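Each of the next two complexes has chain A plus one more chain, namely chain B in the first and chain C in the second.
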Partner chain A sequence: MLKVTNLHAQVETNPIIKGINFEVKPGEVHAIMGPNGSGKSTFSKLISGHPDYELTDGSIEFDINGKMTNISELEASDRAKEGIFLGFQYPVEIPGVTNITFMHEAFNALCEHQGAEKMNESDFREYVKSKLPILEMNEAFLDRAVNEGFSGGEKKKNEILQMLLLNPRLALLDETDSGLDIDALKTVAKGVNTLRSKYNAIVLVTHYQRLLDYIQPDFVHVLYQGQIIKSGDKTLALELEEKGYDWLTAGIQ
Partner chain B sequence: MSEELDQKLKEEYKWGFESKIEMEEFPKGLNEDIIRLISKKKNEPDWLLRYRLEAFSKWKEMSLPKWAAFDVPEINFQDLYYYAKPKTKSEAPKSLDDLDPELLATFEKLGIPLQEQKRISGVAVDAVFDSVSLGTTWKEDLEKVGVVFCSISEAVEKYPDLVKKYLGTVVPTTDNFYAALNSAVFTDGSFVYIPKGVTCPMDLSTYFRINAKETGQFERTLIIADEGSYVNYLEGCTAPQRDENQLHAAIVELITLDNAEIKYSTVQNWYAGDKDGKGGIYNFVTKRGLCKGVNSKISWTQVEAGSAITWKYPSCILQGDNSQGAFYSVALTNNKMLADTGTKMIHIGKNTKSTIISKGISADLSQNVYRGEVKVMPGAENARNFSQCDSMLIGQTSKADTFPYIDVKNPTATVEHEASTSKISEDQLFYLQSRGVDAEKAISLIVNGFCKDVFKTLPLEFSVEAVKLIEMKLENSVG
Partner chain C sequence: MSFLEKTKSFSGYDQAKLNSLVIPNMKNEQWKYTNLERLYSTPWSPSSSQSPSERSKIDDLEILKINGASFSSEETIASIKVRKSTEQEIEMFLSREHFYSKGFLSQLINASPTLYLTTEQVGKNTPVEIQFSNSSEEQINIVLLGVVKDKQAISLRFTGKGQYHVHVWGNLKPNQCLEHVIYQELDHTSSFLFESHYNIPRDAHYRQILVQNGALFSRHNISASLTGENAETDLHGLYKPTEKSHVDNSAYIEHGASHTFSRQVYKGIIGDEAKGIFAGIVKVNKDCLLIEAEQLNKNLLLNKKAQAYSRPQMEIDADDVKCAHGSTIGQLSEAELFYFQSRGIPKERARAMLAEGFAMDVLLKIDNEVIRELTIKRLRGLC
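Now for the complex of A and B:
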């Protein structure tokens, strides 16, 4: 459903992504690992359409209505409507806008795009409430301003809640495990696993193997200096945990 | 395609239509004769004519205020009509149903049906068209509880003592250049009197419509809340889309006696000119409330979304002990609009309290200024003020300024001031967009969140209207 070919990208004039080939099929879970500054976050933002990153070569194709379509010119909101979701490493605060208003707006934008009937406020609230127990969140969250004053763990849970509500075909989760204690990590992992099905795909961007104990990936990739230098199955992550990245990056300039 | 574009252009200011109404106008220009003519037309008592003439002679000696943060184009005061009134078959239509159907249609198009069978329940409306009040709905129902709600012209005839007692007591004729002008030539506006102990059974509302060309609108509103009474008052304004600028210089005076409360809300949406700054209303208004009695309260809420130039400072004089004043404001400027708005809180009585919350949003090439003064007089023991002034910039070319003045003459006073300027960040936009929310909608969500503290002080229907209005104004400012 996602095919990235020879992707090159830069911020201002700094090349960050230098030739990535990457393919995701429905039902798969991929983990992208790598040391700091390797381009992991940039990669996920590029796919979801962040305007600061300029694609200089290659293509990003996504399955739209059964047809692989180049989406690199689409606005972020249009990519989201086609079913791409980005879970943020640092979720953004929107003062004065309640969580439920924001989610309702996003949900109805998707409904509209898909030609489905929009949901009214009270039905939507019930729908959201049905998802809260998965993430051990209480209803009070819904009436607080988006991410304002949320703890690190609350912010991450809030990201996963949005993911569950929007039910994306492709979820890119950027360091969803950072800043979580072990209980919160388990809860977030439970949320992510709820989305997992033969129709949905998940790409986890992470530093640490520990998240992968709870969300078992089908593939693990190592990103270094803007390129994928090694791919493997979940045992690769365990190997990285044990040996670090040096044995892979030693020969690369 | 061109039809679509045409439609889009019209939507930019959907109140910009012009009504074809036969008008009765006085000759252009301003002199004593015109003032005498206005006064005579309205059968005014001698004292009011003298009041006008005195204001006029003072106005002639005054010069234009020069302290705005931007240049105000020169206005030729001799090239304006000072009186324009829709022609009626009889001098005084007996009821709103007798009005010219085109007039009724105008107000219906604006969402303010006036006919008895259609009028909005729960809100009494005084409809002011150019220089005159057309009439007031729900009048009889209000009269039953002793509430007077009528045009100021009618009040001069029927309640001369009340008008004489209070007119000009809050905004004296010499207050400022435009106040003097208004005092000389005001044509109509609303008058409200809430008797002792009465909570007004419905919201009162005045809708101002400028229609005639090259006409100044000088309305005058006077609201008196007698001891222990309460009223919620709403004001709305629109004007046709024209290439020439038009002048609107109103005065609003509020008076609360012991334990009384007035809540005054405005959604100002005068035509603001086109994207190149051509046309639009000059909105130079003096609004002031006097908390005369103990424990009395006045609150101003304004949503300023229109006019080419806005110059306005709804203020409170907190004279009675324990009285409270509040000012909640959202000012949105886009295209080439200029807004200089804020408030004055004058603490005179003991334990007086004031709150100021101002939210300015500027987009495109517009300029948005908050200007406010908090003054604590020597006798105002334990006065308290809290001010919060936030500005938000959209895009790279707009400007926002904040000028807070604080003058405290009593050491027991507590004055707090908070201010912030922010930009809608790329991060906020991307966050919302990554959830499928389009850029325009995302900006409107962020702006509405920013204004929330003010919108929540508006009555529900007005708050819905305000949100829609802001959304519409911002539609073309994303980029």
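Now for the complex of A and C:
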């Protein structure tokens, strides 16, 4: 459903992504690992359409209505409506906009795009309430401003809640495990596993193997200096945990 | 007897003083950004509209709609009594030095008709709204003298078009609590000069929320004097100029007694080639102790050609006080916009939602629930 070919990208004039080939099929879970500054976050933002990154070469194709389509010119909001979701490493705070209003707007934008009927406010609230227990969140979160005053763990849970509501075909989760204690990590992982099906795919961007104990990946990739330098199955993550990255990066300038 | 003759016969009316006053120009510090002379140089015709007033109700809100400026008889709606002012009240008004000074006073005296309203609460705590809806480009002068009982909320709404001069004069009594919510949504040919003065004595609380969502030219002067212990005031504003409109807020708060409190939050959302101004002074007099004052002005510029000017000031002559002031001018954050877009919300809608979120903080300061909900709906364009 996602095919990235020879992807090159830069911020201002700094090249960050230097030739990535990457393919995801429905039902798969991929983990992208790598040391700091290797381009992991940039890669997920590029796929979701962040305007700060300039694609200089290569292509991003996504399955739209059964046809692989180049989406690199699409606005972020249009990519989201086609089913690409980005879970943020640092979700922003939006003072003055309540969580429920924000989610309702996003949900109805999706309904509109799919030609489905929009959901009214009270039905939507019931729908959201049905998802809250999965993440051990209470209803009070819905009426607070988006992420404002949320703890690190609450922000990440809120990202996963939004993901469950929007039910994306492709979820890119950027360091969803950072800043979580072990209980919150389990809860968040439970939320992510709820989405997992043969129709959905998940790409986890992470530093640590820890998350992968709870969300078992089918593939693990190592990103270094803007390139995928090694791919393997979940045993690669364990190997990285044991040896670090040096054995892979030694000899690469 | 003409209105002019009548006003001249008042003891407090000082012709010499009137003649000595001039229209303030931009050399005057308080008028640095606003050229009033230009406004006065355009010929104005007084309102001749004679359409009758209407009464209606939204939820628990009593509404008196005044079309045009005519208002000749005394009226009592279920919870509000509207009458012409007494000579003493007019005298009190004329004895005061006004920023608009000679220009305004001569307009006020010569232009006919001038609308004087005094609202008196008859029922219990029911909120009241007075709507001014004018369909011509005429000049309308309004003086509202607020006489309140214990606790009252009054909403003033200005729609349609016209050249409005509005004076609100409030002398609260001890223990009284008054809230004014002013919603201005005049069309882009209109002007709106709004001056209000409040005297807030012991244990009284005055709250004003002013929303400026229209007019080509608008100036708001407010002065509040906290004259007795435990007096409190909340003065908040939201201004949303668009196109080439100009909105100027000038606020003066005087803490004249110990243990007095003031809070101000003014927020501007400035679009297109519009200009938004806030200049506020909080003055704490000598020997007034245990004062708490907060003054904040925040501006959001939606366009490269939009302009914001912000001057929060404090003059503190006492020692034991807790005062804070601040101002910001900025644009919508790209990170916030991207967050919305990553959830499928288009950029334009994201901008609107973020601007509304920025504004909401001011609207939530409206204490009366009925008026608060209605004002939020109005700003969202729902009614």
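Quick note on the criterion: the second predicted complex is superposed on the first by the 253 of 253 C-alpha atoms of A that agree within 3 Å, B and C clash if a C-alpha of one lies under 4 Å from a C-alpha of the other, contacts with A are read in each partner's own complex, and residues count from 1 in each chain.
Here is the rule we go by: a contact is a pair of C-beta atoms (placed from the backbone, for glycine too) under 8 Å apart; a residue touches a chain by one contact, two chains touch by 3 or more.
Bear in mind the structure is a predicted one, so any value in this text is a computation, not a measurement.
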item: Touched partner set for A:K3, first chain B, second chain C, both or neither; value: neither
item: Touched partner set for A:S77, first chain B, second chain C, both or neither; value: both
item: Chain B versus chain C as contact partner of A:H207, first or second or both or neither; value: neither
item: Touched partner set for A:A109, first chain B, second chain C, both or neither; value: both
item: Chain B versus chain C as contact partner of A:K190, first or second or both or neither; value: neither
item: Touching partner for A:R125 - first (chain B), second (chain C), both, neither; value: neither
item: Set of chain A residues, in rising order, touched by both chain B and chain C; value: 48-52, 75-77, 80-81, 85-86, 88, 91-92, 94-97, 101-102, 105-106, 109-110, 113, 145, 162, 166
item: Chain A to chain B touching residues, read off their complex; value: 48-52, 75-77, 79-81, 85-86, 88, 91-97, 101-103, 105-106, 109-110, 113, 145, 162, 166
item: Contact footprint of chain C on chain A as seen in their complex; value: 48-52, 75-77, 80-81, 85-86, 88, 91-92, 94-97, 101-102, 105-106, 109-110, 113, 145, 162, 166
item: Interfacial residue positions of chain C with respect to chain A in the complex; value: 333-336, 338-347, 349-350, 353-354, 356-361
item: Chain A-facing residues of chain B, complex; value: 425-428, 430-439, 441-442, 445-446, 448-453
